Amino acid sequence: MNQQQAFERRIDEALHNAQLRQNFRSAMDGIRQRRAEQFPDEAQLQALREQVQSIRSYSLQNQADLLEKLEAKLTENGIQVHWAANPEEANGIIANILKAADAKTVVKGKSMVSEETELNHYLEEQGIEVIESDLGEYIIQLAKEPPSHIVAPAIHKNRVEVAELFQNFHPELPYTENIDELTETARVILREKFAKADAGISGVNFAVAETGTLCLVENEGNGRLSTTAPELHIAITGIEKVIDKLTDIPPLLEILTKSATGQPITTYFNMISRPRQEGELDGPKAVHLVLLDNGRSRIRWDDELLDTLRCIRCGACMNHCPVYVHVGGHAYGSVYPGPIGLALEPQRLGLDKAGSLTSACSLCGACGEVCPVKIPLPKIINRLRAESVNNQEASTVSGKGALRHVSEAWIWKLWSMSYGSPALHKFISWAGTRMSSLIPNKLGAWTHYRTRPTPAKRTLHELAKSAGIAND
Amino acid sequence: MSTPSRVYFFGTCLIDMLYPNAGMAAITLLQREGLEVIFPQNQSCCGQPAFNSGYRDEALKVARSQLNLFNEDIPIVVPSASCGGMMLHHWPELFEGQPDRQLACDVAARVVEFADFLANTLQVNLQDKGEPTYIAVHHSCSAQREMNVASATDKLLAQLNEVTVERHQRPTECCGFGGTFAVKQPDISGAMVEAKTQAICATSAKSVISQDCGCLMNITGYAEKQQHDLKGQHIAEFLLERTS
Amino acid sequence: MTDSRAHILNRLRHHELTPQAKAPVYQKPLGLSKAQRIKSFTEKQQAVRGEVVLLNGSWTDWMDKHFKDANLLIGTGELGDQASNLKNAKAITHYDQPVESWKPDLFEQIDVSITTSHAGLAESGTLILKPTPQEPRLMSLVPPAHVAILDANRLYENFAELMSAEDWSEMPTNLLLISGPSKTADIEQTLAYGIHGPKRLITLIVNHD
């Protein structure tokens, strides 16, 4: 089964799952509403977007210098910096740090980058226990599923499904569908893990080069616990996350939380600059940062496509996507779903592996409208479509031309010949209108859902001519 | 902009073949305002279908064949925000690196969407001569986000005293047409048009009005198959009907 | 490993991007008076179940009244010295040992902690905490209730104002923005409080008039 067929199969499954569709519709309606309430003033919103776009563009323009500066400052602060070109390297680095510290149990805060590298799976194979501590991540860890949304990983599950999961794994506790009770259960179970874990692993929302500071955004407190209670903390992030100055943080933080969950601010914003210092009584004694490339430096080679790297992983694009709401995150079969997934995954993995994702988009533009850093997502998605059928020009995107089919190429060739020539066009139009009764009633997928469109008896060209409308 | 006395009309391939009456209604409304309308007979298509499928060379060939049909420095009125958007916003991108890019940009810069032209350039005054009625309005994604001309439809309809616009649920959400998207991802498109049509039919609207015939074809085609009683009209047809 | 570093930096430098000026430093002046700041802070905290008290009198009197028979955790600075005034605490623990020596008790025995705060932010209802050897990080995180004392004269409009008013060129080990008790909406997008961090966050505002 090729990537297109696999994708179609997943879409089909999702569209037939009425519960899933209901869960997503309800969740997305709520999130859209809450985000809108955070931005009552249109002019202010646009000014803020300009601000953060400029900050993120600056990061990409000066990326190498800023990463070196970040590394120097972190090192000066006592945080150890590691560079990983690909997932295997990143996983290996992290496993080695854990083994050197004889760490057997790890509590983990949410990290999409660790999903890219499949870190949990790798560590478990090394005999290291990994416990996801974010409630949503914990739920899907029990369910053995990947996240279906980059901010709310268990968004596809309703309370009954969660209740059943908890009951399976903790049969000693009474069954409940009450959300407060389920939350309390999770608190009690995970609290013990925080207290006993040898190490904590986290992602990073922003890494500030000026001061050597790792910034983490969260509501639950599991991120702080994972990065403070154990003696060892390892953070992993993508190389595009570096930020120039501390004064860049306030607008980034504001637009991130408002765009992602419709909150003016999250419960906690955690700024880590050092390991435990002389005299301090808690906090990890060793802190590491792993910087992962995994295709990002290559994406940067194209002036149009590099805008993808501005992403601050808020999820607003998928929240507003009319496709995502119907199929949910798992249908994409990729680490990143929704519009950012369509832009990023074909570039990260290659068009031969993920190019067909770009078909799951009507180019409606809702994503580009809400993106806090003004990534022109529809433009990038459409550009990747062109790359996926491109068999001529050189491209920085790997797998170019992978989705070019001879039959489709011929259709467009014929189309361009007829529509590019007034005489041929006239003939085709005449044929289409005069012989419309010969067009079959069943037109494949279109007529599965709709009646067949009927060509008019005479084209607009003909009507205009008859009405004496001037030609020039 | 001072009111022009002559305008070009770019009918779009979809209207040409499937909804020519919408095109004639638009031309009639322009003529009624005293404009001379020019319809270059050699026009065909803006190139969008191929462009959105990734076949840029083919799109370029077709778009290029339109460039010399609109030489006079007068507006080019287009009864579609989708096609208008393609020309205005994407021709500069499509013609990147091409020797005739400047010409393409010059032509594109003169493109105006029909409802926008009527409401904001001509600033028409409309007299509603029809019976009271309830309609739904579907603002196409291109009208909302690409050309930012959705408000023009609202402005025109607001002048019709006997017309009540029924707001449907999630009005800004895509109807699922997306041109070739409806063919490439038919089941997702089907789910989207189902949601849009159900939302409209849940109101007391008898018909749906839009600036884009692609969306109308999609919604009314679905409604008809599901045996819902829902008419669809392009804004030009509706305005002409109400004001005649 | 060093190879990867050079490899990545080379790939980044392989493609030069035209530098553009960055936008000016973000400012968001709101023009709030002290009373308005206190009001805004209170409303934002209360909207997420934070509790705010305009403190008249001593914090020890307040704690005696509201946390009778509690096992209290306190630091070793000025607040720690004042703890001797408490009359109704079941137990007072001073955080004066490395956490490794008493972690189970920290997680299981403490009912409430009390700390100072570095500043506050009115617009978002946020406390700024700068943990120190005297007031370690886990104090504001592990106990199920956390009481923070906030000086109203150190209540800024927002994060941008705070950064422009102080020298932040050297960051402490850890700096925290805390805007309410712990919460999650991971199940059906429904808010539930007290998941991993404190279930109760109480701010005692001093110098409020």
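What to note about this one:
Note that the chains are named A, B and C in the order they appear, and that numbering of residues resets to 1 at the start of each chain.
Just so it is clear, a contact is a pair of C-beta atoms (placed from the backbone, for glycine too) under 8 Å apart; a residue touches a chain by one contact, two chains touch by 3 or more.
As the structure is a prediction and not an experimental result, all values here were calculated from the model.
Under the stated contact rule, the graph of chain-to-chain touches is a line, running from one end chain to the other without closing. Located most centrally within the structure is A, per distance between chain CA means and the overall CA mean. Among the remaining chains, B is positioned farthest from chain C, on the basis of C-alpha centroids.
Here the spacing of chain A and chain B, counted between their Cα centres, is 33 Å.
Chain centres here are Cα means. That of chain B falls 54 Å from that of chain C. Of all residues in chain C, those touching chain A in their complex are 1-2, 4-5, 7-9, 11-15, 17-20, 22-23, 25-26, 28, 44, 48, 95-100, 103-104, 107, 123-126, 131-133, 136-138, 141-142, 158-160, 163-164, 168-190, 192-198. Residues 11-12, 15, 21, 322-323, 326-327, 359-366, 368-369, 379, 382, 385-390, 392, 403, 408-409, 412-413, 415-416, 419-422, 425, 429, 432-433, 444-456, 458-465, 467, 469-472 of chain A are the ones that touch chain B when the two sit in their complex.
In the complex of the two chains, the chain A residues touching chain C come out as 23, 26-27, 30-31, 50-51, 54-55, 57-58, 60-64, 67-68, 82-85, 89, 93, 133-136, 139, 152-155, 157-159, 162, 179-180, 182-184, 186-187, 190-191, 194-195, 210-213, 219-222, 224-225, 228-229, 231, 239, 244, 246-251, 253-254, 261, 264-277, 279-283, 291, 293, 297-298, 300-301, 303, 306.
Those residues of chain B that touch chain A in the complex are listed here as 9, 11, 13, 15-21, 23-24, 27, 36-45, 49-59, 61-62, 64-65, 69, 93, 141-142, 144-146, 172-174, 176-179, 181-195, 217-218, 221-222, 224-225.
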